[in-house]
C-alpha cells in the first residue's frame, strides 16, 4: 500500500487529528473551567482510528496479512506496510496513555505528551532509516516530511515541560495539518490516482519545485490553523457560550 | 535575478531590518513606559518592503512574471526567483502577525516571534535543499549563510519563551546584519558588478578565505550592533529624553 | 570479545541498571521521606559491576590482557575491547560520583547526573567514531543503538537542571532497558550463540526489518518500565508501606 | 605554524584559561561576598594573552606577516595562520567585553558569556569548514576536538540564561582543559618535536586509538578540575579564609 490509497489514508489520518486539535485547543482555552465528560469518548475514537490504520495497512489486498517472513523466498515480506503498522502502533500507545491520563490512575502529568513525542520521533526515525533504493524523488519527499515530523515531535517534547502552552499547541497543530496535506501530495506525485507514472525521478526542477511547494503547504496549514482558531473564538463568544474570559 | 542586483536587494533588505532593530531595541529598553502610537505605522512599512521584495523577484526583466510552469518546454520556470518569492512571503506573514499583535485582537503573546522564527527556518531549509548543481563555491557561500539564518531562527524561537530578553534581541539583530552584509559579499563573489566572471569555483584557497571572511563580517556586525546600542543610549540620555531609568 | 558473549554481557549490564531503576524511582517517588541507609551499599555494588565489566573486557581469553601496543607487529591490539573498557571506565567514574553525592562532601547537586550524561555521551561518540570497516549491517545496528544512547544522555543532562523529574527518570530508564535488550539483539544478529555466520550483511531487507525491530524493542521497554512502575505502586500501597501519599 | 610549536602554543593558551578557571570558580563560590578589585587586572592579562597569540600566529618566521594575498602567485597566503588569528580575535573580543562588564557601563548581564560562546562557536565552525586536503588523520583529530569546542560553547551559551551555575562552570572548565591537552596531543601526533614524520595517516588502528585517547584526556581533565576544586576548598577552609559559608 505504498500507492495513492495508502498515502491518502495516512494524510486523512493526520488531517483529522490536526483539524480536530485546531478546534479543540482554542475551545479549551476559552472555556477552561467547563467539565469534559465527553472527551474520554473522543479519545476512544482516536484509538479506534489507530487500530483501523493498523488493520488497513495489514489487510489491504496487497498487504502482508500479518505474514512477516516468507520461508519460501527466504526474504522479509512487505516491510513498508509493517513499518506503517509500527507507526500506527506507537500512535495507538500514545492514545491509550491519553485516555488513561483522564482516569483516576494519577499518571505523571505530561506522560501523554511524552508518548506522543515518542510516537512522532519513531515515525521520523523510521523514515530516516528507510531504504529508498535509488528513488531519489521519493527520498526527497520524505526528507521534507521529516521537517514536519521532527518539528511536531520537538513541540510535543517541550509540552512535557511547558504544559498548556498556547503557542506550542498552535505550532504542533499546524505541523500535523502540514503532515496530512503533504502525505496527499506524496500520493499525487508518486502514483497519481488517474493512473500513469509518477513524476520524473531525475528532473532536478521537480526537486526544487517540491521543496518550495512544501513551504506553500505550510503557509496554508498556518492559515487554516489560524482561521479555525478565529472561527472557534467567534463561535463561542458570539453565541454567548463563553463563561470565563481569558485572564492572562 | 541570481545576479549581483538580486543579492544586493536581499542584502539591503536584511540590513534595513538589522540596523533598524539595532536602534529600536535599545530605545525600547530605555523608554519602555512610553506609548508607541507610531510603531504600527513602521510595521506597515515593513510589510510594504516584503511586498516590494516579492514583486521585484517576480517582475525584473529576467524574472518569471508569475509564470511557474512552461508548457512549451515541459519544465519549471525560474525556480530560484520563486524560492526567493516564497522567502519574502513568509517574512510578509510574520510582518502581518507583527501588526496584528498591536491590534485589540489579543493574539497569544509570542506569536509574532514564532512566525519570525518560522520565516527564518523556511529560508534556511530552502537554501539547504536548493540544488547548486556543481557550483561548489556557491554552495559553500550559502552553507556559511545558514549559520546566520539558523542562528537567528533559534534566537527568535527562544524569544517565544523568553520575551524581551535583551541578549537574545542583541544576538538576533547581529545575525540579521550579518545576513545582510553576507548577501552583498555573495553578490560580489559570484557576479561582480564591474562585470567579468565570479571567483574561481575550484580554488580551495577561496573556500578557506571566505570561511574566515564570514567571521570577519560577523565581528563587524557585532561591533555595529554594539555601537548603535551605545549611540542610542547616549542620544536618549544626553538629550534628557529618558523617562524611566532601567531598574534591573 | 566482539562475539555473542561480549554483547550479552553488555546487554545484561544495561538491563540490570534499567530494571533496577524502573523499580527504584517509583519507590523513591512513593516514600520520599524515608531514609536510605542502604542505598550507598547498592551504589557500591554498581561500582563493582563496572569494575567487573572492565576486567571481563580485558581478561577474557581473546582479550588484550592490558596490552595496548604490540611492538612485534607495530600495531594497536584489540582496540574494540579497549573501547569497551573506556566505556565502563566512564560509567565507573559516574558511579563513584554517585556514591560521593551521598557522603558529607557537599558536592554540587546534579554532578552525579552530569557524570552519567558524560558517560553516555562518551559511549555514543565511541560508537560514532568506531571504524566498522565495510560491515554495513554492524554499523546499522550501532547507529540504531545511538538513538537509545544519546536519548538517555540528553535525559540525564536535562536532569542536571530539572532534578527528580518523574518523566525524565521514566524516559531514561526506558532507554537503558532498550539499550540492554538491543545489545542482546546485536549479539544474536552478528554472531548467533548456536554457531554459524551472522545475518547477511548485504540483504537490504535485513536493514529495514532491524530498523522496525528496534522500535518494537522500545515499545517493549516502555511496557516493562510502565509495568514495573505499576507493580511497585501496588506493592507498596497494597502492603500498607506507603507513608507519604504523593501530594502534587 | 601548523607545526608542533603552534599546537603547543594553542594548547598552553587553553590550559592556562582552563586551569585558571578551575581555581577561580571554586574560590568565587566560597567567598562570593568578597570584593574583587584585582580581577579587572587579571582580565587585562587575558587580553594581553589573546594579543600575544595573534602576534605569534602572524609574525613567526614562517607566518604571513600580515600579508593576506600574494599578487605574484595570485593565491591566498598562509590561510591557516590567518584562521588562528581570527580565532584569537574573537577570544580577544570576548575578553574585552569581560573587562567592560566590571566597568560602570551597565552592560546587559550575560553579554560576557554570550561573546565567549560566540568565540567558541567561531573556532568550531572554522575547524568544521577547514579544508584538510586528504590528511584524514588531521581531520579526525580536529573532529574530536570539535566535541570539546562545541561542548564548551553550549555550556557558555546556557550560562547566559543560567548565570553562576556551578555545574556549567565545572563542565566548561573541563572542556577548556581538554581542548588544551588535546592541542598538545595533536602536536605530538602530526609533527613530533623530536623530528621525523607524524603518525601514519592511513592506519585505521591510529584512528581508533586516538578516538579512545581523546576520552582518556577527558577523564584526566575531569579529575584535574575536580582535584583543583577540592584543593581550593581545603586551601580556603583550612586557612580560615572562608567568610561566608555556602548557603544553598
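Order of writing sets the labels: A, B, C and D. Residues in every chain begin at 1.
Please note the rule applied: contacts are C-beta pairs under 8 Å (C-beta built on N, C-alpha and C of every residue); 3 or more make two chains touch, one makes a residue touch a chain.
Values in this document were obtained by computation on a predicted structure and should not be read as measured data.
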| item | value |
| --- | --- |
| Neighbouring chains shared between subunit C and subunit D, ordered by label | none |
| Chain copies touching (subunit A, subunit C) - same or different residues, decided at half shared | different |
| Rotation angle superposing subunit A onto its copy subunit B by C-alpha atoms, nearest 5 degrees | 90 |
| Chain located farthest away, centre of subunit D as origin (C-alpha) | A |
| Geometric centre distance via CA averages, subunit D-subunit B, whole Å | 32 |
| Distance between chain centroids, defined by C-alpha means - subunit B, subunit C (Å) | 45 |
| Every chain pair in contact, whichever chains are involved | A-B, A-C, B-D, C-D |
| Partner subunit A, residues of subunit B touching it in the complex | 68, 75-76, 79, 82-83, 86, 89-90, 93, 106, 108-111, 114-115, 118, 122, 125-126, 129-131, 133, 160-161 |
| Footprint of subunit C on subunit D - complex, ascending | 140, 143-144, 147, 162, 166-167, 170-171, 203-209, 211-212, 215-216, 218-219, 222, 246, 248 |
